[in-house]
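Let me give you the structure first, and then I'll get to my questions.
Per-chain numbering from 1; labels A, B, C and D assigned in written order.
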Amino acid sequence: MAPPGKNVPVAEIEIAVRSSELDSFGHVNHAVFLNYLEQARFLALQEAGFDWSSLDEKGWRIFVVRIEVDYVAEARRGQRLLVRTWADSFRRTMMVFGQEIVRADDPETVVTRARVTGVWIDPQGRPMRVPEHVREGLSGDRE
Amino acid sequence: MAPPGKNVPVAEIEIAVRSSELDSFGHVNHAVFLNYLEQARFLALQEAGFDWSSLDEKGWRIFVVRIEVDYVAEARRGQRLLVRTWADSFRRTMMVFGQEIVRADDPETVVTRARVTGVWIDPQGRPMRVPEHVREGLSGDRE
Amino acid sequence: MAPPGKNVPVAEIEIAVRSSELDSFGHVNHAVFLNYLEQARFLALQEAGFDWSSLDEKGWRIFVVRIEVDYVAEARRGQRLLVRTWADSFRRTMMVFGQEIVRADDPETVVTRARVTGVWIDPQGRPMRVPEHVREGLSGDRE
Amino acid sequence: MAPPGKNVPVAEIEIAVRSSELDSFGHVNHAVFLNYLEQARFLALQEAGFDWSSLDEKGWRIFVVRIEVDYVAEARRGQRLLVRTWADSFRRTMMVFGQEIVRADDPETVVTRARVTGVWIDPQGRPMRVPEHVREGLSGDRE
């Protein structure tokens, strides 16, 4: 997967690796990174002007329908990581996020690269159009 | 904690240890046992005649308010475990479960003993009386 | 991702969804499927004649370097799932697994499709050739 | 369980609740708090002058043998929590930690109280004396 390039992260969060997240090799288990990435996407949506409580009020849901993750370097006990998130592309009912995890103490070292596709679901369980203000917020079109 | 004694388990489930549940020492992480125990309590409630969907319909919730766990022996990769659950005692709005995890291939070897207190919550967020049919089902008073 | 086609699963395991694996929508969280898939790959390796303890003895490690997962249908409380695993392809130091999760009570319903790339690492931390007996076992070339 | 009283926390860490840690009621699952508490104990040991790598070098391990947790208030999406850890008592081969989780934005609101007993294990798998510098560090006897 290509690095962000011209894409500007809408959010960057810091994550502290927890001891319970290590596998029997002493590294962060590969499934755990998906939790980090999810947490970062929620914060990116928030940064983009999205209010989580509106999701509950309107009965909307966001489902992950596809993930691709490249594991580039290990993460270990005690490390702090930065997770960068940007909008990669949109389709009518889908949004594709690009994400990158790097070491906080050495942001040149990429740990993980990911592309995550989410679909918006309406209260009847059907795919719905991505709300305009979310699309704008994620695209950096806020003024 | 005392072993079950005269208490008869209302349910026994088998759990296969998953590789993702091992810690950096190669043992099941101590927090993971709480997931096993929770899974077993839900099945015990079901065995006792409790229907999970009724919880959703009526807006009831069950909260864990206290746990005590003794870790007696390690569990390792590839092991299968049995989780036994019984009703330890009841108060008006609380139920106390006794639970025991043993090795499936050697049920004399106790891995974990636990006592878990749950409280029933009504739709207004207040403690409510444990439903009579749950109490009866867990007490083995079904006829 | 394409379905297995001519590929024959080397292993099929059954997984019971645990209550702790549900997200706030009542579905299995998308990261949890990676734990199911990992568990299934370990058992596939075992079925293929691979002995886990030899990994520890020789200081070998297997790292996941890439995953692709398509989430096709939801999994819910109480469901039992089947995870099928087959060898998709090999390169010198890499093996690519195809995996599919279906409902145990309705195996036509695909829940998740995945492709997972693992690399073998020697005690010095360098990629190593996939051991011949693993390659053969996974390819169904055992006699 | 009694609040810390005269005990002085040796460490206080901040934890951000992650979306993947919520259960189907939208609250932090009760098992997840054990991960927070574990993370906090490791940092408390570090603050007390303990070096994690020395554990690996010497082949020592620390096992949790008993936990007691009281769940006092819920934790929800987006909250930040403080975890306070102090040395409750020592026996020859055991150390007992007191721990308390409070809301970062309202530290008077206790979320969870815990008492956790850990035992030190030597390379032969036998309980060993708690290292003197750890005992001193945790007791605040450092000079």
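Here is the rule we use: a contact is a pair of C-beta atoms (placed from the backbone, for glycine too) under 8 Å apart; a residue touches a chain by one contact, two chains touch by 3 or more.
What you are looking at is a predicted structure, and each value in this text was computed from that prediction instead of being measured.
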Discussion item. If I average the CA coordinates per chain, which chain comes out farthest from chain A?
Written reply: B
Worksheet entry | Selected pair, greater C-beta contact count between A-C and C-D | A-C
Item to complete: Using mean C-alpha positions as chain centres, tell me how far chain A is from chain D in Å, no decimals.
Response: 30
Response to the item:
So, in whole Å, the Cα centroid of chain C is separated from that of chain D by 34
Worksheet item: Where the centres are mean C-alpha positions, what is the separation of chain A from chain C, in Å?
Response: 24
Worksheet item: Taking each residue of chain C in turn, which ones touch at least two of the other chains?
Response: 19-20, 25, 31, 34-35, 38, 77
Discussion item. Using the definition of touching given at the top, classify the network of chains in this structure as line, ring, star, complete or other.
Written reply: complete
Worksheet item: So in the complex, which bits of chain B are touching chain C?
Response: 16, 18-21, 34-36, 38-39, 42, 52, 77-78
Worksheet, complete the sentence: Listed in rising order, chain C residues that touch chain D in their complex are 19-20, 22-26, 29, 31, 77
Worksheet item: For chain B, which residues count as touching chain D in their complex?
Response: 25, 30-32, 34-35, 38, 61, 63-71, 74
